[in-house]
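We call the chains A, B, C, D, E and F, going by the order they appear; numbering starts again at 1 in every chain.
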Amino acid sequence: MSVKPISRYSVPDVLDLPEDMKELILGVQEKAGFIPNVFLALAHRPDELRAFFNYHDAIMLREGSNLTKAEKEMIIVATSSDNHCLYCVVAHGALLRIYAKEPLIADQIATNYHKADITERQKAMLDFALKISNEAHTVGEADFEILRSHGFDDEDIWDIGAITAFFGLSNRMANLTAMRPNDEFYAMGREPR
Amino acid sequence: MSVKPISRYSVPDVLDLPEDMKELILGVQEKAGFIPNVFLALAHRPDELRAFFNYHDAIMLREGSNLTKAEKEMIIVATSSDNHCLYCVVAHGALLRIYAKEPLIADQIATNYHKADITERQKAMLDFALKISNEAHTVGEADFEILRSHGFDDEDIWDIGAITAFFGLSNRMANLTAMRPNDEFYAMGREPR
Amino acid sequence: MSVKPISRYSVPDVLDLPEDMKELILGVQEKAGFIPNVFLALAHRPDELRAFFNYHDAIMLREGSNLTKAEKEMIIVATSSDNHCLYCVVAHGALLRIYAKEPLIADQIATNYHKADITERQKAMLDFALKISNEAHTVGEADFEILRSHGFDDEDIWDIGAITAFFGLSNRMANLTAMRPNDEFYAMGREPR
Amino acid sequence: MSVKPISRYSVPDVLDLPEDMKELILGVQEKAGFIPNVFLALAHRPDELRAFFNYHDAIMLREGSNLTKAEKEMIIVATSSDNHCLYCVVAHGALLRIYAKEPLIADQIATNYHKADITERQKAMLDFALKISNEAHTVGEADFEILRSHGFDDEDIWDIGAITAFFGLSNRMANLTAMRPNDEFYAMGREPR
Amino acid sequence: MSVKPISRYSVPDVLDLPEDMKELILGVQEKAGFIPNVFLALAHRPDELRAFFNYHDAIMLREGSNLTKAEKEMIIVATSSDNHCLYCVVAHGALLRIYAKEPLIADQIATNYHKADITERQKAMLDFALKISNEAHTVGEADFEILRSHGFDDEDIWDIGAITAFFGLSNRMANLTAMRPNDEFYAMGREPR
Amino acid sequence: MSVKPISRYSVPDVLDLPEDMKELILGVQEKAGFIPNVFLALAHRPDELRAFFNYHDAIMLREGSNLTKAEKEMIIVATSSDNHCLYCVVAHGALLRIYAKEPLIADQIATNYHKADITERQKAMLDFALKISNEAHTVGEADFEILRSHGFDDEDIWDIGAITAFFGLSNRMANLTAMRPNDEFYAMGREPR
């Protein structure tokens, strides 16, 4: 296992964190078997760590979303790859493989989603996500119409935009801090179904 | 005064919002004399509104930052202009004029910060902010060294990066929702000192 | 009021200029109450100053144009902002506010004309102006057709193109000379109607 | 010889033009043996034609410039090629070959001036011209210093910038009007010295 | 005639080359009257020289192609100009003039094929070639449909793509080695028909 | 296992190929346990298939190269990712993991080589490869000097450039044909050492 630094910034001991953050992290560790480095790197500033995960949950765990868990991860992988964010491509690539039960899909979407084994509807979703990521100021009614023609409603469109916007923040923090993905993520979900 | 819609999405009645969000908004209204539209547009989803402002405060109100309030607004105006976000340029342009007590500075930074009446140190700060905004993946030790040579420490650099990343999210949400700046912002802080 | 230099180059005394240029400038001063810095900065070379304003007038004062004075300024503000020309955005933003009698419109167009309070016809005009500014070599019959469908005739289209081309020159000269907008321009036309 | 249209717009009969423009054009015809199409295409609007050539002469014929005639044409060919302006590359390519007495130089500069048979000083001049053409807003003291280190003074730098700015206007007008270079230009100056 | 170096790398004596390469080059010299420098520059590594021309012939001399010799050269000139490859623009510009029997066409296509004297079908061919050159990953069924609507079949499309891809390699090798076009090429084929 | 098509174009039966190509492919199959799809997709035109692999071997198997097999694959993965070529990123990512005996390295280089676990010398190599891929026309002596300062000689630099150029061709052909990577490649070399 690698002993490369997790972040350009100092990483606190989990046990020294505020009680709620300590519980959050130990809970994740118990479930996943390891602590994803994003928790440790952002714990350099516990208030921002707390705000980050509250915002994350408000977007990603919203009840009533018509996007599947795999589709949300597709958005993250496609936009994070375009932003060249190693942490997010590797960590969310693993989640995408697991949720989609497709061992090939994350590498396909990270490299060229136009050639990925996904539906036309999902390609339209990723077209929109990349437009929000790269030129949100030109988004207009015509873009909404395209998504509606694929069966997305306006709340779904907010979801696509909000996930893109939130992980755009995450990509920039990961690149700022030189956040290192845990070695465990690279191979997760690669066994064929 | 304009009666143009504030957002592409429906805007709830403030009085129908969860208690904490209602209090937040009414408090802002009391102080500012009006409700900035970002509160109303994001209130379409109260959980995201709450997460947004908690994250905002964690970054913008952090104790011990060496950046002045005006410098933080410079970062927001420069990156939001580069992202063509009308809401943020107009609203934070107003705040920048007020904090800096400089009626010209916001238009200068929004159009071309290289020609603005700011210090070389502040230009280096904005160079870095735009690099985080547009190509964070190439940021490296050399960029940190430049900022350190201008007297910024690594926590200041995190601040610059985090403000850029957070308002990058904000810019994308504002463009997604076609968020309209309040008319009041345009003229605020324009009277000469 | 600022005592920052008007230009990177030396600025002559108006009284030392050739008679016709002296008259031009004193006439403007009488009307406007101040001398816009573009006259002083370009007066570094009186022959170019003369040529500049003759060309300006040939395009901007052409009789029979179907573009309103406000529409011409919209073109200038949109393309000058895209070219990051501080002088032109600030000075022509003032003119736009005054001609349009709209205190908000210049900031809207400078930041993101897609979200400005203008007509679809005006947005098509600005789409074309930015295409001439950034990739004139790809302009073809299809672009003319779009403008004609909005009621522009071919002379209007020449106007749009010529204004864009002329202020593209102006933007480059202003950035070359670090031309400084007069402080007076920033606040002009901002009082609500 | 081609009978393709000279311009997307109507071209007047030279004899119907205002006296001064008629004289200008007939004088050029006498000297060159043909009328360069730029005169005819812009004659669609005689006032703009007059303004164009007055401005052209103020910049290109300025007494005391340290740039050679060939160097001025290098700037025009390099920036016009970058702007994909067929008229200017072909017509000024011919002038460049003639003034420089170098049959290969225009094609070299139009394709890749980094590989052209010109001096390091001339490459620095073209670097600056392309910076003015593409991102004038970032030009600053450091760029002036580079040119000064190659022996250019600040008036030379104004010349480089003004030629670039003026032909940027010309490139956009030529592309707007689909201005066609005269067939004669293509082969001029190609015989070896 | 110029005595500038042909390549940044050493160039072997033709007589020292492997027998097959020596024959190839002497054969070309006999036919053309001179040795095109691409043979000499690549002869720095005879195995790569051999592979280059075998691949070249497999693509360019394929029997049954519906593209004319001139059309193949149009693709090379348009994409090589976009890649700023002096050798290929000059050498293949000469071939294009000769095959097309059109003295103006190469300069037109190198500068702005949208304004060249070619058919709409040929413009569609060049649109596709530039898409393969610059963003092949976005090419899809819709692009094939456009070409089919102009009468190209799928084998023609492979030809367009393969020529673009092969000369993309060639452009990069020429720029890596600073390959110099023979002076002879510049003027070839310029005499009117 | 997937039954998605290997190529947009028809794929011949290996047994129907010319003898030398049949032997080549069956030899690869025996060694690798499967036939990499690049052989089958390019076999649509056997002459191009033969030329492709002869060229490939001339570059990749050159005796005396100072680049390791892993370093050559780094160049392929970095430039193919930048070109969004799914086939090459997946297939050569597998080879890179195997040659480097590093299960994480391919994903790191494909996403952001600046953050990969490689040496400064290897980063300089990839900087140069991407410059050749994206703007070879600006490569000059200064770029050679940087590489020499990292211990590369001019033959190594040719290798870096030639590998980049050849796989640039390969990337374009793979995207043209929608070449599908074999499922086997995705997981190869991922087991920790």
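As a convention for this text, a contact is a pair of C-beta atoms (placed from the backbone, for glycine too) under 8 Å apart; a residue touches a chain by one contact, two chains touch by 3 or more.
Nothing here was measured: the structure is a model prediction, and the numbers come from that model.
**Student:** Show which chains lie in contact with chain A and also with chain B.
**Tutor:** Intersection of chain A and chain B contact lists gives C, F.
**Student:** Please pick, from D-F, A-B or A-F, the pair whose interface repeats that of B-C, with more than half of the contact pairs identical by residue number.
**Tutor:** Repeat interface, by the over-half criterion: A-F.
**Student:** Same or different, please, for the chain E to chain F contact, judged on whether over half of the interface numbers appear on both copies.
**Tutor:** Chain E vs chain F: same; shared/all numbers exceeds half.
**Student:** Determine which of the two chain pairs, B-D or A-F, is joined by the larger number of C-beta pairs in contact.
**Tutor:** A-F
**Student:** On a C-alpha centroid basis, what's the spacing between chain C and chain E, in Å?
**Tutor:** 44
**Student:** Indicate the whole-number Å distance between the mean C-alpha point of chain C and the mean C-alpha point of chain D.
**Tutor:** Distance between chain centres: 24 Å.
**Student:** Chain D: which residues touch two or more other chains?
**Tutor:** Where chain D meets two or more other chains at a single residue, that happens at 84-85, 112, 115, 137, 175.
**Student:** What kind of graph do the touching chains make: line, ring, star, complete, other?
**Tutor:** Here the contact pattern is something else, fitting no line, ring, star or complete shape.
**Student:** Can you name every chain pair that touches?
**Tutor:** Every touching chain pair, ordered by label, is A-B, A-C, A-E, A-F, B-C, B-D, B-F, C-D, C-E, D-E, D-F, E-F.
**Student:** What residues of chain A sit close enough to touch chain C in their complex?
**Tutor:** 137-138, 140
**Student:** For chain F, which residues count as touching chain A in their complex?
**Tutor:** 1-2, 4, 81, 84-86, 89-90, 93, 103-104, 107-108, 110-112, 115-117, 175, 178, 180, 183, 186-187, 190-192
**Student:** Hey, which residues of chain B end up touching chain D in the complex?
**Tutor:** 112, 114-115
**Student:** In the complex, go through chain E and note every residue touching chain F.
**Tutor:** Per the stated touch rule, the residues are 8-9, 44-45, 47-48, 50-52, 54-55, 57-59, 62, 83-85, 132-133, 136-137, 139, 144, 154, 157-158, 161-162, 164-166, 168-173, 175-177.
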